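Structure, as structure tokens:
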Amino acid sequence: MVEILKELEDRFQVTDLVQQKDHLAFVSVDKNKAIPMITWLKDQAGYTSLTLLTAVDWLEDGKFQLTYMINNPKKNSQIAARVMIDRENATMESAHHLWESIRIYQRELKEMFGIDFPGSPEVDESFILEGWVDIPPYRRDFDTKKYSDETYFPRPGRQSNDPAEYMKSKMYPNE
Amino acid sequence: MSIKDLLTPFTAWKRITKEPVTIRDPFNDRPGAERYRGFHKNDVNKCIGCGTCEDICENEAIDMVPFKDPISGDSGLRPRLDYGRCCWCALCVDVCTTNSLTLSNEYTWVTVDPEDFRYTPGVDKKAWDDNEKGWKKPEGSYEFYNINRVEMHHLHPEDRDKSFVEMVKGYSREQAIAEADRCVECGICTATCPAHMGIPEYIKAVRHEDMEEGLRILYETNPLPEICGRICTHKCETVCSIGHKGDPLSIRWLKRYIADNVSSDKYKEILNTKDLSNNHKKVAIIGSGPAGLSAAHYLALMGYQCTIFEQYEKAGGMMRYGIPEYRLPYDSIDKDIDYILSLGVDIKYNTRIGTDITLEQLNKDYNAVFAGTGLHLGRSTGIPGSDNEHVYYATDLLRQITAGEEIEVTDQIVVIGGGNVAMDITRSLARMQNQKFGKVNIITTALEREKNLPADLEEVVESREEGAIINPGWAPQSIEIENGRPVGLHVIKCNSLFDDTGRFNPQCDITKKEFFPGSMIVQSIGQGMDLSFVNEDFKKDLEFGSRGRVVTNAYFQTSVKWFFMGGDIIEGPDVIHGIANGHKAAIGIDNYIQGIDFTPAK
Amino acid sequence: MDLTKMFQFNADRSSYPELDANGKPIIDLSSHKYLKLWQGPQHPGVTGNMSLELTVNGDEIVESKTHVGYLHRGFEKLMERRKFIQCFPTCIRMCVAEPDPNEYILSACIEELSGIEVPETAQWLRTLALEMARLQVLLRGVPGQAGTFSLGLGYQWGNYIRDLILDRFEELTGGRVYHMYILPGGVRGLLPDGFKKRMEENLKLVDEFLVNINDLMYNNIVFKQRAVGLAVIPVEWIDQYGVYGPAARAAGIMRDVRKTHPYLKYSELDFEPYTTTASDVYARSLVRWHDLKMTVDLIRQIMAKMPDKGEIKAPTPNVMHWRIPKGETYVKCESSRGEYGMYMVTDGSDMPRRVNLKGPSYTHATALLERLLINANIADTAAIMVSLATCPPEIER
């Protein structure tokens, strides 16, 4: 693990190395170097298996974090590459040429986060949501509670009381 | 593939002779398991309506609905379930602070009206209310929060029993955060606190290490946090929901932690009191105890020019002259008081109303007067021998100790009384005996029996740790005098204090006698108010209620409109009532001076 | 007598479909040679609420598209707005049939990120719960493969025993389907009195079941005829398409997290996951049969080795405001379908920043199934789906 991380530093200038546990390490890599690094890991270093590709919305920083987690089944070693991309017009190079399965992840990310992967097969087809018109729902600024309140009807007659407020209203309303 | 593959599957035919495994009537023949998570039950008498179940419910299936009028320690609310949302995860049961909420093992319920599936367990009677089985958290297995208090470091008895150094060390940062973490933010405590402090909010500030926010919350309702953080009677802790199955939160120590951790030179900036407005109205305040200081503080924030008249040479009243230094160091008192005085509050020391200046004069010079004069007169037992000059009142001795005056300390002392003041004088005298004779020989006796002692438990325990003998349950009969000084106290066994109607009516057994030897006797059986600053004519205008207390309205206004009274003379006795009274009176005074009509019901 | 020849039927399909230069079928619906057929979302041959949009030519599938979204509840998103403890009743719904791995990976993520050590007894109980979950899934899953060929008898046998295992779950955890047993810090209860005895009685039934189902399915000419050689997954597809667990082991590739990354108490247990190389529906089903057998053995080992008493839960911060420092991790375990993992990102607040569940169905039911169905017979669709043990809720968490 240590050697491969060292190699990644040299070859792809990865930063923020965190060895989370024996067989799992996180690294940050520049957007332009991400796909070359993953390709290298897959073809040269035995990281042949894709565990997952997903995104984290860092709304405050205006960034999406893409996490490519790949696995070396022979060495039981897992590397997760964090790639920070701009939230505005979020676009990332597609990796569908590397794994057949990755187009599904990319399609879901397009739908749920609005991150585009130009060239990825079926990337524009809806995956889970049909006829969705709102902003991509997994973005942090999509308010599920608000959506639910507006879309569905709450059960009538429900009312709750905060214990402290209720006690105040009954025991010392004038203070 | 072979002929075998064609024939082998037919071995299934052998099962044709097997008994069927289906249950004819599963609903009636098959009760849920011992731990089954079925329909809710609630022991409504054990439940305190803290609402923690509502907070943890991720499905928002629980509403807190009124069940009865709230009382101290019980919000009167009870959880109502919406079975259209519940997922029976039982987190509500696991988090329940009183263990009142459980699940039964019942799992079938048929009704034609969907609204039936909203119900208040325990209030709306259900067939499964008496089911013994069902999910309850196994006793002592796990908790969702620490039910044990973070230990506060105290000086060991041998390190503290000779000196007046503060014995409670205060929480470290880690300890305070760990203690604050135990709070479930139910807010039950707020109603019980006489000042209705925002307790969950300032505990949250401790958790988030935001001392400035914490200080702001404290000062909203309490301008004496250093003092209260040390010696408050902490009624809040007696109703803390966590205390139902563990130790209550150390609310008092957390308050002290905030105050201790903000340096006094930052107060004005944090509390935004650098530039206070001035409305050129003047209020006179008699006494610089908690009630007077609190009133002065809140009046000053409103722009009033306050002047405090203090009979002694230092401010603080009973907080300074009644409470020993080992419990409340003088610099803590000074920190709180100096801040209030820095708001432009004027104080005249060594000025006694009635002798140095009359009340009538105050009425002329000021727009309103507030009196928080407290209870300073010691009560006498009135037993034979109690008029001897070596028989003292605890309040007098405590004041003299604070003032640095020499007091008599003999090698054998008897204290009469079971309250906190009795413990204060016991422990103060014990320290002085230790300094003078190298040993403690002091007996403290009280009418009340051990479990009914009015003093805080920790005071009794610590008194004993320091070598005093606390021997309660005795009624004093007479003080034996020989050669002009006491040699001891005769007592008889006291079996009960109150009769069936709750009236004070001690029942004693005269056959059980005891003699407590002592060359010095201290009486600490309560204090009375000293109204000597008010002249007789004025007294006629004041309305008195039962037990000789002055009648005030909810804003502590007496029957004389410009004259407000609060603190121990009206409610208590303790610091926090004084603070609450002073705050309320400040609002009343403001309304009075502005001519706003306020006719609250008491 | 060679029965194989007797039942062999191979139509000549050399002229359909026509392929373009890239080897993709040229599908022109107006040519009337092709038909769109929807299998699902409500269909007994679909494992849950998903649907397959099949383009068929005769009874042969030329193209398949997986449609999910019929039960999307956005649990990953909901968890971002829930306190860590509140995620616990939410996460289990990400795979209904086998909820315990959800509980485990969520708890393990939270524990790892906040540095909590789970007590020994709780670790054993977790291992037991996970194996019991596998047991009850496979009791339906193994005979379910025959069910897709209309042999429903074994499914009924399995379902009865599964009900008894659910009884054991009920007495251990208080729930039959949603156990909500493994919670952050530990588990919610010790074994009840007499549990091991009752469990052993149930396991004896499973032993018997294993023999009976072997006779009924794996030595059944019809089952063999249908399953052998069906939907072969070549070894090179394993990484390309993301194939995990039993499906990978049927292709001769050892993929079992219990063995490759032992978690909980698996390193103290003696077991060897079965592998074979045929990689067809029959082989995948046989791997599951061996898994079921191994699970029975594992449960016996666990019950023999585990302590009866002990701490069941490590103390945690107050769950009402449990904050976890900024960090991220991925925890995986072996579900009955293969590697089941959770990626959790925390940002120092009292709610997770992001939770991402990765179950094997995500790739099995989409990319892989779409590929495997090409040139398959319509009648084999259900069998191929079931052989991959697809679980739609874990695709559209």
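Some notes on this structure:
Labels A, B and C are assigned to the chains in the order they are written; within every chain, residues are numbered from 1.
In the analysis below, a residue touches a chain if its C-beta (ideal position, glycine included) is under 8 Å from a C-beta of that chain, and two chains touch if they have at least 3 such contacts.
Computed from a predicted structure; not experimentally measured.
Viewed as a network of touching protein chains, the structure reduces to a complete graph with every chain in contact with every other.
Across the two interfaces under comparison, A-B and A-C, the one joined by more C-beta contacts turns out to be A-C.
Centre-to-centre, using mean CA coordinates, subunit B is 56 Å away from subunit C. For the pair subunit A and subunit B, the distance between C-alpha centroids works out to 50 Å. Centre-to-centre, using mean CA coordinates, subunit A is 24 Å away from subunit C. Against subunit A, in their complex, subunit C makes its touches with residues 68-69, 72, 74, 76-78, 80-81, 112, 237-242, 253, 255, 260-261, 327-330, 339, 341, 343, 345, 353-354, 356, 358, 362-363, 366-368, 371, 396.
The touching residues of subunit B, counted against subunit C in their complex, run 1-6, 8-9, 11-12, 15, 21, 32-37, 52, 55-56, 58-59, 87-91, 94-95, 103, 135, 138, 141-146, 181-185, 204, 207. By the touch criterion given at the top, residues 155, 157-168, 170-172, 174-175 of subunit A touch subunit B in their complex.
On the subunit B side of its complex with subunit A, the touching residues are 49-51, 54, 62-66, 69-70, 75-77, 82, 84, 115, 118, 186-188, 190-191, 196, 200, 554, 584, 600.
For subunit A in complex with subunit C, the touching residues are 18, 20-21, 23-24, 26, 48-52, 54-57, 65, 67, 69, 73, 76, 78, 80, 99-101, 103-104, 126-130, 137-138, 140, 142, 144-145.
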